[in-house]
């Protein structure tokens, strides 16, 4: 249990960061806990596992990947058959499986998504998404002749990292301000972005500005793809919960002291409605956004009412 | 003629800047030229006036206000009746009339446009338009309880000037990044922006990002108003000419040296199609964008084929 | 002047009612005033005529037809040439012309509009518009085999009058509730409604519910026609003025005493945006809604800035 | 069997009314029948249970909840394993489960749906739906500061019941006529309505006028939620069957004798296409409308071709 | 008068064909008639001229160019001042002016329209329009690097003529079937087509299939241009008249004998609504479609009510 | 194995043609192979079956029905339990089941789809789809009074076959050119077409022109149905693969020798996006297009990542 608490603290104080890392650390901690857990019965085992899981989940209540990792393990434990030792094996195996899958997911998304990129395509991306860049990189490595527009992604300029990564690979890359998207979109064949979270109805929560790009793509009949690991799907949206949109400090936008009396608003994310999303590319395949509810149920054993 | 040449040079080397100033300086120079111009006949007078006008026009070929100022004077001269002295009077009067009208236009736009702002309205503006801010200021001065969202307007942050002006007047003002418009637009009652140029079919050329805002406003059934002096209407679009979109230096967006191998594109303006514009507010009244061709003909005597 | 005041009072206390009647009474009063008016000069004559006109206009500030009638006469007087007697004649003639035109307008609209109705067409109308019904009646009298859906038009059930009128003529007529429009609209070829007022940008102010019907028609690619006398065009919208939407007593909707604590809202009109209007049928021809600014200027001599 | 017949008759002659009550009575009758049913074998048991089920279903062929209740029980019986006594237990348990679930569904929908209502939200509802009102009530009871617009819902004025219920709870409530929805919709954050039936492709059958509201909400980017118990999903639509739209007596709209020669049409429901529905809120979670086929299959064991 | 009758007959029996030729022949005949016409007074002259004009107009009631030619001359005669000889001169001059203008119009349209074609543009055209091809040819002759997609234009394959013309000029040309437009439209920058007739509200009557292309262009935010001589504008639409859509013989589509019992429909034209048209290119400049009513009034003196 | 190779060759050289026939021949060959296959173990059996399956699949890599048939059998074999003889039985049974299902699918689609056709409906179809015509035929045979518009379907005129079939049944049928669809679509109640392939996100690949019809139907709120056997769903699209669009010889469009220098493009299919598809009618029921991923997984055992 100590290891579980330790990891929880590190997640809480942000020593462990990034959706993927957080999830894998929690899965690892829960697996190790299961390995040594003493229990009187199968039921007792599961109960204790859930207690440990809750500690981990509560260490960072807004990160979607965290409860998904915990739930992945506990769900498999619960639906297993047999005694304590049997359940233990299942839990340990599930822990390893989650970690491996998570590590491979970005690569897998790249492999799957690259099939949708044509030779000669011009792409556009926003912010700095590992999954989206994996798709672009795989397409490029397959010898496809592609070009990429990347937005600067105010206020934190993550687009600067993106253009460096892409041009570092040799991909012809163009940097534009966020508000120039509609000007260039007709030259674009496909938009590809990542996701911070995907809701049960297929709405995509991602970096502020994403929904405006989706709207402009839709207006010009440009395909809009979202690349996302399955643990980005938000299970609790299935029971109505809203994804909270983090509002970050105003000084990311401008120094408030320079603008006395002016309110500065800085929402970090926005919500792209499913009707503007053509495809979600995950490590287990591509889906229409309306399949989100199904993936959540299948992957995370989230059976409501139980 | 010397004064005309001098002013032309100052316009060319950007000593004289700003759509309004350029236009008024040219009108003044042409008026002064007319005052002293020696001519054998009415025809001779007009011919010489046109020569001087062309020198002024060519000093800055992309500024719409400049040919409009020149044409305003010469058109009135041409349709006048009578001898040299009669035409001279008309030209001088037209010169003064243009200058006065131009100076009063921003105020007049404010008066007219403010009637369309309701008590309790939330507005959104982009970049830093004198005409748009005049509308907002007039509405505020009439005691209307309004709030304003202003974008930062990358890459040159003209939105910073806007929020200082507005909050300096006491108006509750909120600064947001350009890509947050779609997030806040449902709280907005009316968008109001300026224009650099308006084409014969009602398309509005304005600061990059304007057309994305218009699109987002349209998606949410938010009214979209353009405030523009009539000399922003582009006469030559009536005979098919395209408004050139200036592309400015990349270093306004990012230091190219920091991004070797990355192309940086920096178009300064974009084009908002007439179907996303609800109203154009000018100093001579409000119009649907489709009335642009009519205003051009009426105001600038531009009768094609003659 | 006494007659002018008398008529003004009758308009104010609603002894004289209805857009057409109000306008004709005012025109008549002004014409009679002009006939006997003593003036020192042309200028003096016009000044006095304007004073009388203002008295009439102020008797009912929200009725569009009233200032249009007054302006029709005074504008013609002003642009006339010659001395007092000449202006007098013009004013008297204009008075008679307005009255005659107004009387004939509904018939003329019927003649013009009926050309747009095809044999076998199914129409839909809302509320009870004389102009719209004139179009339907003319089409029927020409032997066209038409059918009409009419809404009941809550809260005042003017649709009941409409269905009685139409079925009284022998036209196959179907009465439906307002909210059944979208269910039946695909069976409809053309919607035809009247207007209380038309703004400079082509927006149509008409009976509450009209804009919902226009939206449903647009969704199903059904043509949407507005039949309106030219004096329904609202000149002051050209200088930015908003058409005021009258909110009528709640008891037209429900007895407030039966619903303690419940707010009852009863706006009498709504605004249909020009993009949902295919054609405006007037007594001087058919126009796209975007021509409204032009008709206003041409018909009512409303030249702003002068 | 006698009890089954008795209940069937009461359903047929409308002694038992309301989607929920009908379904629960049938489930209860079938459970009681199963408890006493004598059967030679498992197969025989199921066959007799199906006969009884069919009698119940045929008592009111158009009510969706009725076959859903019967199928819920029989499906569970069929997929159970073991002998007659085992199947009997399953059938009895399923009967109780259905009744309980049905009773709790409205509450559960309220709990789940209230999570989607934000503090400060303005809502709009149509007709009088228990499920929709449960969502509103739960949100209010959580202390959320909400306001509600309710339509009168011609021709039967069910909106009057709604506003009484809501204002009785202390919720600020505004009553409007059906055709005023587009006027007020921009002030609304979310529309929430019930459903009479939901088809396999996500189309929502509900009170006449619902689809017009959905259209107006879509035009203004206002979220449109449908609250519905899962037994409102229509299984037979999965094999192509159309939901029949009941047309009710004309005198609900107007007294036909007052309108001789006028046809009065009174469809009770309309169909809202899935593209205008953002979310369906059920007692088992929230879904995009396109998930309807999946819920039907999962909940009612309706496997076509078998 | 004999010459007038002769020409009328040739138009009636289609010896004289083609919108341009018909119009010019009629203008010529009317000019010659005016040259020799004996009249007692100015009024008498105009009356006789109108009689001759009507004979010409009635020779082919559906051709728009014909009444436009006649009206062009008579309108100028009527607004002229002076005696019989003066009017005669005006009529003769107007006759010549119309003929010259008509002949030059296609070239002028090419000059004006070519300004809207960018270097590197891909265009798409439908059917075989002289005006549209003039725009393409001018752009090509200016050294612009353009490519053109042309539809085959069933049922009469006029697209075959178009691709021969274009590839004969050396322009890279691609032939596709009509139903492949949506597949290729995203590669297209601008669509440019001709018009058979343009109505007062800006609706464009052109070769069957045009409106489908306009719809597909609109869906992909591709600009849609119509190139049309001003005499294609249909004056009588201003007073409500509908443009008749000619239905041509079925055997253009397929041999009816090969399809016994099958109805074959062959409408030759369709109607593109103004909201899908970005620009109308005429010999007097470019306009939004909503300016059609204005051009009609200005060019053809069609002042209704007079 | 020899029979497998023989069938593979016949498929490769197109002796066996048509999506249905290909699939059934392959299923039959695989079943016969399974019947005689010698294997050391269950694993060995399945391995050999997969080898044979791959030979069949590779004989025509682009036909969707072929891998679906093979996978149908092998998937059932793999999920079966028991020894070699048990698996053999399962494989043989699956082979027969596939063949039977395939043969019955078109009939079943007709039965299911006909429920969605109303009495009095006007339908429109494109190309020549057995499944779509089955729906129309079933509706007609049920005594429904229907009318059908059919396009000629350039370049191969498959519409000619369609109108002969339909009018042969006595159904009132109208033949039109492909580009006349938008002209007639408002008279149409439902469009019904077939599919060559359906992707995981619900996009429908069908005869060139289909997507234009879907767009026109959507514009006029006309329902758009796709009739397709489940083996038309393309499993590999689930892992990102794109459906290849066959481009056929230019001489189907026009003789290239008659058009020297002209490129002729002839894509055989286009892609209709799911947002324009209201319903997919299969032999196992009707679905929204977004259910495609689900049907693929359920029917063809395609579980990615395994």
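By written order: A, B, C, D, E and F. Residues from 1 in each chain.
The criterion applied here is as follows: a contact is a pair of C-beta atoms (placed from the backbone, for glycine too) under 8 Å apart; a residue touches a chain by one contact, two chains touch by 3 or more.
In this text the structure is predicted, and so the values were computed from the model without any measurement.
Novice: If we look at chain A and chain B, which chains touch each of them?
Specialist: D, E
Novice: Indicate whether more than half of the residue numbers at the chain B-chain C interface occur in both copies; give same if so and different if not.
Specialist: Both copies touch with mostly different residues.
Novice: As a quick test, compute the distance in whole Å between the mean CA positions of chain E and chain F.
Specialist: Computed value for the inter-centroid distance: 45 Å.
Novice: Round to the nearest whole Å and give the separation of the Cα centres of chain A and chain C.
Specialist: Each chain reduced to its C-alpha mean, chain A and chain C end up 58 Å apart.
Novice: By residue number and range, which residues of chain F touch two or more other chains?
Specialist: Within chain F, the residues that touch at least two other chains are 219, 275, 288, 290, 294.
Novice: Have a look at which chains touch which and call the overall pattern line, ring, star, complete or other.
Specialist: Basically it's none of the tidy shapes, so other.
Novice: Output every touching chain pair, sorted by label.
Specialist: After working through each pair, the chains in contact turn out to be A-B, A-D, A-E, A-F, B-C, B-D, B-E, C-D, C-E, C-F, D-F, E-F.
Novice: Give every residue of chain E touching chain C within the complex, in rising order.
Specialist: Listed in rising order, the residues are 200-202, 237-242, 273-275, 288-290, 292-294, 304-305.
Novice: Which residues of chain A touch chain E in the complex?
Specialist: Touching chain E: residues 186, 219-221 of chain A.
Novice: Using the touch definition from the top, list the residues of chain A that touch chain B in their complex.
Specialist: Result: residues 151-155, 160, 163-164, 167, 172-184, 208-209, 211-212, 215-216, 219, 253-254, 258-267, 270 of chain A touch chain B.
Novice: Under the definition above, what is the set of chain E residues touching chain B in their complex?
Specialist: Answer in residue numbers: 108, 111-116, 118, 275, 278-279, 281, 283-288, 290-291, 294.
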